[in-house]
Amino acid sequence: MDFSGIYPALTTPFAHDGSVSLTDLKHNIHKYNGTDLAGYVVNGSTGESILLSREEADGILATVKEAAAKEKKLIAGCGVEGTAETIARTKRAAELGYHAALVKNPYYYKPLYKPHALIAHYRAVADASPIPVLLYSVPVFTGLPLEASEVIALSEHPNIIGIKDSSGDVRRAAEIIAGTPASFQVFLGAATNIYPCLSMGIRGGILALASALPEKCTAVVQLYRAGQQEKARELHNILVGCSKLIVSETGIPGVKYVMDQRGYRGGLPRLPIQPLHEEQKKRLTALLGRLEPAAVRA
Amino acid sequence: MDFSGIYPALTTPFAHDGSVSLTDLKHNIHKYNGTDLAGYVVNGSTGESILLSREEADGILATVKEAAAKEKKLIAGCGVEGTAETIARTKRAAELGYHAALVKNPYYYKPLYKPHALIAHYRAVADASPIPVLLYSVPVFTGLPLEASEVIALSEHPNIIGIKDSSGDVRRAAEIIAGTPASFQVFLGAATNIYPCLSMGIRGGILALASALPEKCTAVVQLYRAGQQEKARELHNILVGCSKLIVSETGIPGVKYVMDQRGYRGGLPRLPIQPLHEEQKKRLTALLGRLEPAAVRA
Amino acid sequence: MDFSGIYPALTTPFAHDGSVSLTDLKHNIHKYNGTDLAGYVVNGSTGESILLSREEADGILATVKEAAAKEKKLIAGCGVEGTAETIARTKRAAELGYHAALVKNPYYYKPLYKPHALIAHYRAVADASPIPVLLYSVPVFTGLPLEASEVIALSEHPNIIGIKDSSGDVRRAAEIIAGTPASFQVFLGAATNIYPCLSMGIRGGILALASALPEKCTAVVQLYRAGQQEKARELHNILVGCSKLIVSETGIPGVKYVMDQRGYRGGLPRLPIQPLHEEQKKRLTALLGRLEPAAVRA
Amino acid sequence: MDFSGIYPALTTPFAHDGSVSLTDLKHNIHKYNGTDLAGYVVNGSTGESILLSREEADGILATVKEAAAKEKKLIAGCGVEGTAETIARTKRAAELGYHAALVKNPYYYKPLYKPHALIAHYRAVADASPIPVLLYSVPVFTGLPLEASEVIALSEHPNIIGIKDSSGDVRRAAEIIAGTPASFQVFLGAATNIYPCLSMGIRGGILALASALPEKCTAVVQLYRAGQQEKARELHNILVGCSKLIVSETGIPGVKYVMDQRGYRGGLPRLPIQPLHEEQKKRLTALLGRLEPAAVRA
């Protein structure tokens, strides 16, 4: 199965009482269904999955499955610290009809996670998972990147089909691409790196920014593939500024705020993530105004 | 309540089928009851708490409470990423009769956890917790230390009574001690730093090493307090080597292995933590042989 | 002046007695003159400039100037820790006929080099330098990267014409390109990132690898510009492996060893840089054998 | 030779025209001669040695030698990146009558400085140096600490007599002390850690803070050795705040500013180090006012 394309790392909407709002989630999926997004990545870092109970996470998986248009590919975030619990989550995702499991590497006991421990973990998960596994490295949060040599070793496992590398390190992505078979699917997690790395052969991106600005994120790939390099580069330069403000600086609450401005249901984050300051909101509104004057007006 | 003294960061024993062995845990507590340990810290990092379900964690809390000698102080690890879930865990610990809650700072969404977010989190937890709160900073695992300025700000809260600082940074500990009231109780998490920092006014330590070598960890404090500096320093130098091999290099499986050699029930760690190599076991056995020839022979 | 193209970060050859061998240097330049390299970067990090006296550095500048073919652009590494000494070096480079000065940011007193200090330093240098200034950020050695916001602020100075960013962070390069005028010339220092970043609008690279494998480094740009993406990507993948072994793993002694194998005069590094182990030499020879069987045979 | 005691890492005074003021330097030494400082450390990091020419550095060495009281021990900063130049500097220091050479580890080519390279460098320097060598590790500036295992290996060399460890990592200092002979002299570079580490057996400190507040830095050691722990701890707590503001936050310009307030000749730093802001000066003046009201008034 070829997962090529742009995916939003979905946010999780919360109701006023702090519980997960499956209604708002459905609303978002229905609206995303009308875009060129290749599918959905559920319960990732942007989804505040680490702040959710297992029951909440399962409810979200079921809701997205039900609301998603048929052609959308579905990827479930399944990686938790323990090997056994990670396997259990891949099984649940498979039961619910997900096409692949995104498995973040364990990271808490960093000094103990030597390469052989990480490789043993992933092999055990991939052996047991009923659905294909995508590796997931996100050192901005975990503090422990998957190294190219580890990824290359794991690419030999028949049930490990690719990686989402959110390290932002293009050298590492280049080493992974150069060292794995052409069938190994490399996705990036940093919007800023998608456009340049298309030329290296990445399959696409799984992006927090695509939850807020899906059309722009998919357009840059379409322009590139259509040979319109000048326009692609222009749009890329715009996305660089958007990614910096929305993802790097304001983060999940920023993504949610932009969603609110654009007809999606973003809402507030769960504590301990703090809501935005007024000054941050103003900067985001100003950015949107420059980006799509009509949309903001409407 | 004065918590002064040395505490083991308890390990969690697992049965052959991978489940938590409350029987082995009880065995260990009964044996520790005969030492000069001031009490027990349950469900901390050394307890593999991040690999336990909520039910398993509760079972462990109840078992330690039941098995502990009356004079032992009981501290429950309650810090998880979410504010609401952390509060829920402090309430459960209080119900079970624990004397204090050890609350690790949230750390996954590092770029979002600016000082005001961490401070808001801890204030909310301390406001709601029925038992006193000890802050807990362990950057070797979390990648996000609590800074002295944050700790000093939080020391004003009447229900925040101290900190376990496992950063290993004595400069930070010195700044915390110099900037907080004398009633604020500072504990360290690195065995190597206990002896020198006693002169600065720390209350004691919460140590993985004290699960393996409780008598030696308590003796260094007793010698210091008895004015036997020469002997204290000699023992300290021995503990430096023990801490390096048992805690820094072999970690949780190393602590458990030494426990097994000394009549406790250590056992294997839970995956993805790997068991020790034979070579590591040999080095640990050799260290023990130098440390207490008779004990190993027996 | 448009500096577009690929430049070698020249190595410095030493004679058997440890002195700089200007004869060997001339030999290398004459051989490089026959390639498509755009020019030469002298006294950079790869040139062991930090191990050279001021007199040695001046002798090297004069020799390269004399030996270089007329069409080659000449860039002199001038950045040292002090502002005054850096200015003196730009003046000397100008006198000797260099076209631009590459100025590494000061980095020793890291905690003191807040953005305003770095900006003041560069403005003073650019005000006084008779030749245009290229900023130079190389955190693998300095531990202190130039941030995008600093570079964007400095791009307004009429005598600061671009940057060599060796941070390897494509996100930062993208932010610099998006935030500076089109006339600001961005070069990268990591061979691995040249090919993908051409699509973003970088002007080229200043590469240690181009001292060892100049033809391959220039060919990837030529293939890209000729629209031969498939071949460009293939060559890029080969260079990824070369860069990893020759630059990241064996470093300056590795670059020099490959030069020796290919008819250049590499020689030994200056102490405290150690010569290669035999095992490293074998790996480099094997890589070259796969890369250009005929050349190694000859 | 036993170097026990507190040393100032001397600052370098500059005249209005930016040249080194040997007159001001003499003034400072004469004033320091009246204190309990054990001696002087010349051309260290605090001396802005990296911003000095070789001639300036030699002039400073000669001046301090001439001005120092006879009983003061003299230690010359000799460590530069190159092995040969470092050796040349130890010889010059010996000629000028210095008692020991403080040799910072090379650090620019970090990835090349594996343990065996650092050990080979130090052995070559110690073999050739006419005076005893003190290792010097200062990762806040170099980004490359000397590890305990390297120091322990080097402690076997008869001409390597100790270390100044400015890493601030007490665990590392403890491992060094536990792993080296009792004759190996360990000094720390962080004022905050002196008091607690006296109990571990350190010999003293080489401190930027001792240039500004020599009496307070020596008094804490004297109180400790006199058994007045309560007073020692009280003074230590005061020094923690001083070190934070004067050394960590305002750095060299802060040290110099306090010197100016206390009858020494501090003056301005050399560019690119920026002078203090007015707000920083106010905070320093306020600190001094709390510290020694009479002195500031006078």
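Letters are used for the chains, namely A, B, C and D, taken in the order the chains are written, and counting of residues starts over at 1 for each.
FYI, a residue touches a chain if its C-beta (ideal position, glycine included) is under 8 Å from a C-beta of that chain, and two chains touch if they have at least 3 such contacts.
Computed from a predicted structure; not experimentally measured.
**Q** Moving step by step between touching chains, how few steps can get you from subunit B to subunit C?
**A** When the steps are counted carefully, the minimum from subunit B to subunit C is 2.
**Q** Same residues or different residues: which describes how subunit A and subunit B meet, taking over half shared numbers as same?
**A** Counting which numbers both chains contribute, over half are shared, so the two copies meet through the same residues.
**Q** Using Cα averages as centroids, what's the distance between subunit A and subunit D in whole Å?
**A** Between these chains, centre-to-centre, one finds 50 Å.
**Q** Centre to centre, by mean C-alpha position, how many angstrom separate subunit A and subunit C?
**A** 36
**Q** Touching pairs of chains, which are they?
**A** Here the touching pairs of chains are A-B, A-C, B-D, C-D.
**Q** Help me check something: in the complex, which residues belonging to subunit C touch subunit A?
**A** 168-171, 174-175, 177-179, 190, 192-193, 195-201, 229, 232-233, 236-238, 240-241, 244
**Q** With touch defined as at the start, can you tell me which subunit A residues reach subunit B in the complex?
**A** 18, 45, 50-51, 53, 81-85, 106, 108-114, 116-118, 120-121, 124, 140-143, 248, 251-253, 270-274
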